[in-house]
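Chain IDs A, B, C and D follow the sequence of writing; residue 1 opens each chain.
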Amino acid sequence: MDKMPKWADVILTPLISLILAMAISAIVILAIGESPWLALKTMIDGALGSSYGWGYTLYYTTNFIFTGLAVAVAYHASLFNIGGEGQAMLGGLGVALIALALPWPHWSLALPAAMVGAALFGAAWALIPAWLQARRGSHIVITTIMFNFIAAALLNYMLVNILKPAGTQDPASANFPEGAHLPQLTEMAAALGIEWGKNTPVNITFIIALIACILVWLLIWRTRLGYEIRALGRSEPAALYAGISPVRITVIAMLISGGLAGLMAINNVMGEAERLVLNAVEGAGFIGIAVALMGRNHPFGVFLAALLFGFLYQGGGELALWTSIPRELIVVIQALVILFTGALDNMVRMPLERIFLALRGKGHA
Amino acid sequence: MDFATIIQILDSAVRLMTPLLLACLAGLYSERSGVFDIGLEGKMLMAAFTAASVAYATGSPWLGLLAGIGGSMALALIHGLASITFMGNQLISGVAINFLASGMTVLLGQRIFGLGGRTPSLTDGGRFGEIILPFADALRDVPVLGPVYADLISGHSILVYVAFLCVPLTWWVLFRTRFGLRLRAVGENPASVDTAGVSVTRLRYASIAICGLLCGLAGAYLATGLSAGFVKEMTAGRGFIALAALIFAKWRPWSALFATFLFGLLEAIANRYPNLDLGVITIPSMFMNALPYILTVIILAGFVGRAIPPRAGGEPYVKER
Amino acid sequence: EPALIFDLGGKFDKSFNEAAYRGAERWAEETGGSYKELEMQSEAQREQALRRLAETGANPIVMTGFAFGNILNEIAPDYPDTKFAIIDAVVDQPNVKSIMFAEQEGSYLVGVLAAMASESGTIGFIGGMDVPLIRQFGCGYAQGAKAENPDIKIVANMTGTTPAAWNDPVKGGELTKAQISQGADVVFAAAGGTGIGVLQAAADGGILSIGVDSNQNHLHPGKVLTSMIKRVDVAVYEAFKAGEDLETGQSVLGLESDGVGYALDDNNASLITDEMKAKVDEIAEKIKSGEIEVHDYYSDNTCPALNF
Amino acid sequence: MHEAVTDTGGRPATAAPNAIELRGISKAFGPVQANKDIDLRVPQGTIHGIIGENGAGKSTLMSILYGFYKPDKGEILVNGRPLTIADSLTAIKAGIGMVFQHFKLVQNFTVLENVILGAEDGRLLRPSLAKAREVLKRLAAEYQLNVDPDETIDELSVGHQQRVEILKALYRQADILILDEPTGVLTPAEADHLFRILEGLKAEGKTIILITHKLREIMEITDNVSVMRRGEMVASVKTAETSPEELAELMVGRKVLLNVEKAPARPGEKILEVRDLTLVDDEGVERLRGISFDIRAGEILGIAGVSGNGQTQLLELLGGFPEKGSKSGGTIRMNGQELDLTGTMSDASTRRARGIGHVPEDRQAEGLIMDFTAWENTAFGYHRAPEFNRGLLMDNAAIRADAETKMEHFDVRPRNPNLAARNFSGGNQQKLVVAREIERNPDLLLIGQPTRGVDIGAIEFIHKRIIELRDAGKAVLLVSVELDEILSLSDRIAVMFDGRIMGERLPGETTTGELGLLMAGITDTAHADASEGIPPEHKHVDEVSGERG
């Protein structure tokens, strides 16, 4: 029997936590001499107030869904993949190599090929840490941290020494061919006769991300593989008892995780920049950790958390753009949201449980 | 590579490893008590900021040091609140603390100094200077030992010596004192400590406070020892490297010394040889920069076995569900 | 109302964004006018920032950093009545002014100075993140130094491969010490916030340093040999001053137009002897006249004087 | 109503004052009312038994007394004085010591370190350790509680770990000692030894509270006994004035068969043939040294032995998941076909495919995923079976339906397949595992410690099912440290010692005494001929390993 109704646990608690985080943020904003009300209004207007704002919010959401899912899948196998950042970088490399390899006639051909490239490169970058963990017991947290640095070096090298066209300043690859440009949601909406999200970077990848959520949900809760991943994650001796091979599952889970992180590149590299730039990932790999943990490693939770972070990113971007509030405030707000909804959630949950127990007690009496 | 070069590289390694060592030992206290800490980075950053600010304002590195410890401890307290009192997720709390420090330092810095998060540069009085050990100059000419003493052992900031002393001290505290026994026990099996009549909460807070203190030293060393002021994000991932070193060291103090030295040494070598000419090919600078990380993975895979964390690590101590 | 958009490093990057900010401030002070300024959070905001500014009627819109090039090329045609100015990139659109700096020329000069000031015959270069722009600096510097002293040894380091490399004064300091121990007695830092650590360590270590972008001589008076100045502030100031009448097209600001140069002020007067000054000024003239040609790293991604 | 029972039955057996008196103790874990208004009186110098079904609230009550949990309400009196026990320190100071059901030892600490933890003298360890070493030596001699003070806990057998727990309490000079299911993990010999110690303690005037599921033990050693059911104290009686049958009925609320009834076995064909099985673990220790035996259809082979003599390794090897890094040799034939011992076909799922079911010794670590729901657990290990899958996806509806049937057949309570395994009591968890393995109708069932920590109601049930399986013509390999269980279920008994089978006996023709000798590694040549399948060179007296009692 649970201590309180499910809705209270999954909706009420995070909501109150979020309000607390916002309240503290407001105090911080006041302390630096700005108006919290204006800030909130700017953020909400900017991120959710127009199809334009949504277009950006959903673009960021897409990035975070992929990195969040990546962390979540590994987490179910009790592997803490801090390497999303590096895997996403490599995913970008994969996308760039494929997009630039052929004069793609149409995106519908380029997209699947690029997805394969992104996923393969991302997965490959997760493979070595996975294999080392499974076979040699090398701690995956260290190896994935190291692989983030190595990925940055590799990407730096590839862009500066190999992919950069001569005569440009930019440490970036050449622009992708026209046929590798992904349809933006704006265009897709326009095709349906709706004017939506003009000039925003959100693109078809968002839909792929939603599909990825569903597929990951199916994988984790409906397939044998997911069952085995979860079993291994909860208890290795039990997994052995059930005939589940820890090495195999560890490697597979990390490959999927790395592949998902790599797929993020479809959104930012192929969908937005349409070329590979240095630092394309911009920390989304690390945000993915927060997204996964806050989303309780459930794809739907990941989606909601990614949306929240997409909102914070876009709303925060608007703040930085249109008010005199420094952009670092956004980082503080993000920190507070993560802290209150993710780590201090029991501060809200415990008293709530007591209230619900007391209410139930009365109900019975 | 001649002897002088070796001494120079080692000397550089010592400086580079010091913040890592302090942060690594900080993590060691926390994680040995069962509280995982990926917020070392944030605590160091906050400490670097508060240390630099106060050292600038007062002209005293010592007051700066205190402030650094204070800043780091404040974040440690938040971590304690989240992971001990409210039994929250320690990883999330650590992530949040890193974000918080990265945002708050710039926000406060900009508000106070208006330099976009930088603090003004510290003048010499506001920094920890190099300590020349007695007879360093006189002994320099003694073959082998002379340079080792004069150029390698002598001539570091006081915090370097403190950091190195912390290693035997930590070992002693952990394995020779009552506090250490309880600390190790609470990281392995908090229920055993609880049923022995000792408060798990108090012990864990104590270790987290020590963690805060050591991160404070590390941050202060970065801002007021190695450089002359705070620059945003100046920890540059050292907290994560320290974490890696901690796992590498399997949560043991002497091994922590070794692991952080290895990181320092590899970085010093990469600094010294920005692009290594092997005759056939020249290794580009990017890969020399990544060399410490690549070698870490290789060493980890080849020579270091499974690292088993403290058994109760990462889990809050929940008696009643 | 003019507007200024900073690149991701942010307004206070101790480097060219900060210089741009100073240019805008100077304009505001002198004219009493106001301007809009934007700091971005992420890559995706480049387009957002540009479009939104253009839609609010800001004119001209000045942006710093090559990373805007691509986007600007795409959206400039959408706002034909708005003038754009981009620093550090070439965008071929009728309403865009592209401002490039010949960093290699200024770097060449400070290279000459470094070689002259060096007693050990070894000088150093410390870059931030390893990107072509920084290689351009390093390459010009090495050419100047080699021209002055063909036997000179140049030790070059890059700080790292992540954006953290721009803000790591500790590593900057450590690299400086490593270079000092290799005999360098002048180091040139082109590394943003990391450079602060370089200049500090050089001052502590009793050697000379060279600042970058803006005049950093004052940071350690008497210990900073000079600074390689890149007049981003002037470029912004001029663009703001021109207002809606901004002349479009391409301009390369080199020694000729005082877009780059070396800094001489009270702080380093004692370090630059008359002989040195005469020599660099002569070389500067030769570069202007084309007598000396400084190799442009971007042209072929290689550097004749230095291996990266 | 229980008030009345307590008042009539709970009178002190002696005139001594009460060491412990509990008044109206209540404790809820969230919505679960673990203890309801409990009264208890334990006179000084007595041994007081507490019995009750799994989840009845025994451990909770004792943990409250020890300051581990805080009661919601109620009063505690120690030696007649009211005492607020806010934490274990208060309890320890009041002279209370407790040996928990799940030991509270630090696995990688030495015995000595565990003993002094929390009871150190001064800030430095060295003097405390030296003192403790002396005290332990004395206690060891006094109570025959020998353990090597420098051994780390994970090197010790469970029995020895328990000694450490008792030593911990004695070191803290406990006058009142609480033992929560202490014999669950002990062999009869070890249990006897423990009881002798307890009697010694009692003779010194100490008070002992003993929780157990074994009525035999209650009858043997306690002065008074209290019975708990569903969080309430339903009776407190003098042991001399009651009987096992009455206690069982009080506990479960119905009549319970305490003895297993079974027809004689009708063995059929050989199902399992094991020859010269050896296993060396990753540290190079020989765990199995040439094991050979057969099991036929329709018979139960019981393997007796002190835990740690290779039974675990034998079960795991047969089940297809020997410890990582171990090397094995010998042959296993199942239904006449040889099983792959090391190759790719040697994992647990291939064994299941060959018709081997397995109830592992440690249900919580191996047999179940504690965070999985009951229905997910009932497919565990068989999750690749075609009937549980539909194409790429698992057929959750089918699994759930199957779980409901199994839970009904095995009377798992509460009958809620959506509940996580950890929320079932120990007995019901065990039923889940047994149901899963037996209902697959395996040709051979490997079953280890089937009733450890399980209450008598559930024991009765599980025993019945094992015998039904046998009667259905299946082979059963039963490993248990409970000699009673071995004797009453097995058709043949083999005794394991130090990785060898010391001999085989028939249950009707042997005694606990004889089996006990074999378990200690002492073979009696007179009986040697009865043991078939054991190579002669194994029939000598083995060196008695010092580690085991």
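One rule holds for everything that comes next: a residue touches a chain if its C-beta (ideal position, glycine included) is under 8 Å from a C-beta of that chain, and two chains touch if they have at least 3 such contacts.
Quick caveat, the model's predicted, so the values are computed rather than measured.
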{"item": "Between B-D and A-B, the pair with more C-beta contacts", "value": "A-B"}
{"item": "Of all other chains, the one whose Cα centre sits farthest from chain A", "value": "D"}
{"item": "Distance from the mean Cα position of chain B to that of chain A, given in whole angstrom", "value": "29"}
{"item": "Interchain centroid distance [CA atoms averaged], chain B/chain D, Å", "value": "46"}
{"item": "Chain centre separation in whole Å, for chain C relative to chain A (CA means)", "value": "35"}
{"item": "Centre-of-Cα separation between chain D and chain C, whole angstrom", "value": "75"}
{"item": "Shared-contact residues (touching 2 or more other chains) in chain A", "value": "149, 152-153, 156-157, 160-161, 326, 330"}
{"item": "Shared-contact residues (touching 2 or more other chains) in chain B", "value": "110, 117, 237, 284, 286, 289-290"}
{"item": "Multi-partner residues of chain C (at least 2 other chains)", "value": "10, 130, 161-162"}
{"item": "Chains touching one another, given as label pairs in label order", "value": "A-B, A-C, A-D, B-C, B-D"}
{"item": "Touch list for chain C against partner chain A, complex", "value": "8, 10, 38-45, 47-49, 51-52, 66-67, 69-70, 88-89, 129-133, 135-136, 161-163, 298-301"}
{"item": "Contact set on chain A toward chain D in their complex", "value": "1-3, 218, 222-224, 227-228, 230-231, 234-235, 237-238, 240-245, 353, 357, 360"}
{"item": "Touching residues on chain B, where the partner in the complex is chain C", "value": "5, 8, 11-12, 15-16, 19, 110, 115-118, 121, 222, 226-229, 231-234, 236-237, 267-268, 271-272, 274-275, 282, 284-286, 289-290"}
{"item": "Touching residues (chain side chain B, partner chain D) in the complex", "value": "175-182, 184-185, 188-189, 191-199, 311, 319-321"}
{"item": "Of chain B, residues touching chain A in the complex", "value": "78, 81-83, 86-93, 95-100, 102-104, 106-107, 110-111, 117, 237, 240-241, 243-244, 247-248, 284, 286-287, 289-290, 293-294, 296-297, 300-301, 304-307"}
